[in-house]
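The chains carry the letters A, B and C, assigned in the order they are written, with residues numbered from 1 in each.
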Amino acid sequence: MASDRGSIPTGTAYGRPPQHPNHTLTKVGPGEPCGEYMRRFWQPVLASRNVTTRPREVRILGEDLLIFRDGEGRPGLLYPRCMHRGTSLFWGHVEPDGIRCCYHGWKFSVEGECLEQPCEPDGGANKAAARQPWYPVKERYGLVWAYMGPAEKMPLLPRWDVLEEIGEDEELSVVDNSFGAHRDPNGPEVAPYSWLHMNDNIMDPFHVQVLHSTFSEIQFVKEFEVMPTVDFEYIEAGVIYKAYRKLDDGREVDRISTWLAPNIMSVPSTQLAAGRSMGMGFVVPVDDTHCRIVSAMKMPKGAVRQPYRVKGKTWSEMSLEERQDVPNDYEAQAGQGPVSLHSEEHLVTSDRGIAMQRRFLEQDIRKVMAGGDPRGVILDPAQETVRVPSGNFFRQPVAA
Amino acid sequence: MASDRGSIPTGTAYGRPPQHPNHTLTKVGPGEPCGEYMRRFWQPVLASRNVTTRPREVRILGEDLLIFRDGEGRPGLLYPRCMHRGTSLFWGHVEPDGIRCCYHGWKFSVEGECLEQPCEPDGGANKAAARQPWYPVKERYGLVWAYMGPAEKMPLLPRWDVLEEIGEDEELSVVDNSFGAHRDPNGPEVAPYSWLHMNDNIMDPFHVQVLHSTFSEIQFVKEFEVMPTVDFEYIEAGVIYKAYRKLDDGREVDRISTWLAPNIMSVPSTQLAAGRSMGMGFVVPVDDTHCRIVSAMKMPKGAVRQPYRVKGKTWSEMSLEERQDVPNDYEAQAGQGPVSLHSEEHLVTSDRGIAMQRRFLEQDIRKVMAGGDPRGVILDPAQETVRVPSGNFFRQPVAA
Amino acid sequence: MASDRGSIPTGTAYGRPPQHPNHTLTKVGPGEPCGEYMRRFWQPVLASRNVTTRPREVRILGEDLLIFRDGEGRPGLLYPRCMHRGTSLFWGHVEPDGIRCCYHGWKFSVEGECLEQPCEPDGGANKAAARQPWYPVKERYGLVWAYMGPAEKMPLLPRWDVLEEIGEDEELSVVDNSFGAHRDPNGPEVAPYSWLHMNDNIMDPFHVQVLHSTFSEIQFVKEFEVMPTVDFEYIEAGVIYKAYRKLDDGREVDRISTWLAPNIMSVPSTQLAAGRSMGMGFVVPVDDTHCRIVSAMKMPKGAVRQPYRVKGKTWSEMSLEERQDVPNDYEAQAGQGPVSLHSEEHLVTSDRGIAMQRRFLEQDIRKVMAGGDPRGVILDPAQETVRVPSGNFFRQPVAA
């Protein structure tokens, strides 16, 4: 008899069904729906300055690859295991025209052509038939970009207008280490969670009011303490929001932020500086549970982005308890786990931007699975340049 | 021909079949037979003193949970992933009436009620329908207890007589860190092996004579060098043993030790102090391969339990080789692996207590699977107090 | 239209099928084809000097075992989990006639016989029926050898002629730690890759010219810069190569190296010292992804093998980048991964020795699966001694 047992608690955690991620959006390896979708776009791999004649291992879209620059300055992105006997070309040496495996000396160009097989009779009569698996790369905006999709579907690498128009006193500041958690260079180079956590964050203007403004301390500027009125809107190849705020001093500002398929953002100045956004960011999936945040931003020449500090300490200098006191984007997103359990989420009105992004992604993932081209892929050189609407736009006072 | 090969060895390790744990007794996650059985009892989680306004992660019965105390002093045990978007409430801040998520500010009471949704229109018109998964908790004996089972089956938290009768100069000494291996505070807070290893140890009076007394050095007292004569006996909700020893000095002692379902022990003084047992211990399954030993013991006010030392060194100060020289309970139980392979055991006459305990557990696990209530669950407040028979009882010399 | 997309790259890494190891040759656990094959031969476990009354854990052929020497000097190799209740005998103490478990005092001889059960009535009336799983061992050449196969198939432990004929000023130098990577005692005791990586290396004379001679620096001697002319040849129970070189100074040398089933090598002096090989090596599978390289070599009494140094630094003192500059056998083999993906290899003319070895192994693995005895197993004491053809043999100049 229940009555013998006293009052019966309600809503307890007992008996919950198992929960799971939305794998359609989170699995990025070869052959996975999102993996194939992501492979239809050029992805930034590393800053150009970090691609040198010293071979370096990178993981991207669940694939372990090797990136280097040959002696003539050409960047290369190769499958790392030598096609001959599988020793990693990480142990190879770069020469003017390629990279040579340490074990038996096979040499490959940045496009995987086999240039030498020194132990073979006649230097390898059939070496022209050998090809080390490789991916096409390009350099632009201080970044090395890769195309990891089907060869016949290779699109153009877009130009984003905000990165094309660089003032005389400006330069592009390029980051390829996920900002190391709050711009701390000793933080993690790769964020230990799904790309979707950061992607969700882009169309989420409300967390700015809570996490960054009122929860612990002012992490951007005091003006974000005002809860905005927000409109979300689909654009041709993405989603934007317009967040309107009437500030305490009477000024009114429309903050427009942009998400472009598949993983591209242009966030306006978080210091609420007036005018158009100064840069682009890319949430590159490393694997299902890691992402690398890459960005290129116009800054005054010589300016250096400083780590965010709390009581003088950078992220890596803080204890776990100190981080509990002032959580930031890294904690909020890592706090969702290596990959969130989307089946147990409760999306509400203020999550409309996230819902729109995810719907866009699911539609285009299905489109790619059905053989189509996703939105945002550019094939026509006349449409190479993408207009980015982001910015902080202060409304003009009506003249008295 | 075998004869060509010389003598043929017998009994070698070649060709043994694969071995396995007794999963009926060792798997403690939700839905597992032992997991569901364990969930029918209140379990101690942490010492009250360790439950504060600083949220803390705990794993218990294979579930990752968050424990904290709200600003009004109420302990709470919540599912850690915020029901809204999954960020861990570990990064939340405690307020007088609950805990607030860092990401979008949802606030929950210690019973999971959603108190605020600040980014939603009208502060969340439907927030009353939202419920963060939670578990009921109680505080008693300096411990926070949780009930993780079906709501309609929630029993009373028992009172054990040895903890109820506290002398004026006594207080309860509460330990929630598994004693850190031989009471070394730098030892592991959670023991890296199945709860069953420690549970088996309770009804095993014979290892006292070997491991603790004659194998390396005297770890308790010299009197335990005498091999006891032992009777095992079922009681209503457990098993006890009576170990009789005639000591070298002519004294005779009956040592009674108690195991109560499902994971409760009351071990008499290991210094062979005369009289009833002074405390209770609990072998709480953390997951299938870890357990946390919690205990509450009456001690003189201000007394402090000192680490066990060998040649002046605590457990964590000893090298592996030094620990090989003087293994103790931690080594014997960790030495069975993360979870023992019960199919290859050879239980013998001296293991009768262990066999009785396991039979008891298997019977009641089946009873719970069939919908019944296990022995040891108390529903009637008149039966709330449990009498514990443990103690070291010296026989009176017959008057001359 | 493809033409809209510009030039289409060829041979990219996109769309490669999944690749896999040759599990027939790499899986060495009980019941696996290669595991059963390997178990038909005696395998060296550790150097005799490292087998003492201090029990030590070893893994071999995927099995975790315990090796020790009893108080009378007999080596023993036992299944580590006590047959009684599963506590590891690692925590046991060695006595003159065996090892005693710490928990309940059962004692076992080096052949697993149960000598004592102290807590049992009458000291264990049935203890003669108990047997701790064990493996036969022998000592020879400063090594402890184990036979882990079916008892009725136990062969003789071969004698290799190069280890039998020891000069008066010589002694056997025995190594059981895989040389710790390039003879650095601080390097890994066990190599973190499949035994097949090292086994492949034995019949691969060409990598000597690349990896060890021309890729970075001279790791053996300058003479190996000459690309050899090589013949490979099956012998009764293995494969040999004869590498002919005409040196710059006019000398001509035939270098003969030997691989014997299943994992045995005799490599001639890598300093190109003239004459027969001085020792034997054994690539013992630890598990599917680790191996232990054991060797016994005749050396002048008191001689000590020095670590290989680059710019004064041993392997463990070098940074990853310094190791990239001068990779050696460890890097080339570890660079193939924990276990190589043989399905994507491209074996060519210069890999003929490797192909022959693998064919030999696959044939004999099938033979064992069909119930036969593999080549190299010796049953007849008259054939106990194996002649090893390895050596550096300089051709005599024709008298003028």
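Simple rule for what comes next: contacts are C-beta pairs under 8 Å (C-beta built on N, C-alpha and C of every residue); 3 or more make two chains touch, one makes a residue touch a chain.
This structure is a prediction, so every number in the text was calculated from the model and none was measured.
Grouping of the remaining chains in the absence of chain B, by touch, is one piece. For the self-contact between chain A and chain C, the two sides draw on mostly distinct residue numbers; the shared fraction is below half. A straight line joining the Cα centres of chain A and chain C is 46 Å long. Across the assembly, chain C contributes no residue that touches 2 or more other chains. Of all the residues in chain A, the ones that touch chain C in their complex are 30, 39, 54-55, 63, 65, 78-79, 81, 83-88, 90-91, 93, 100, 102-105, 111-112, 117-121, 124, 130-131, 133-136, 147-156, 379-380. Those residues of chain B that touch chain C in the shared complex are 2, 4-6, 8-16, 200, 206-207, 209-211, 214-216, 227, 321, 323-324, 327, 331-333, 335-337, 340-342, 344-351.
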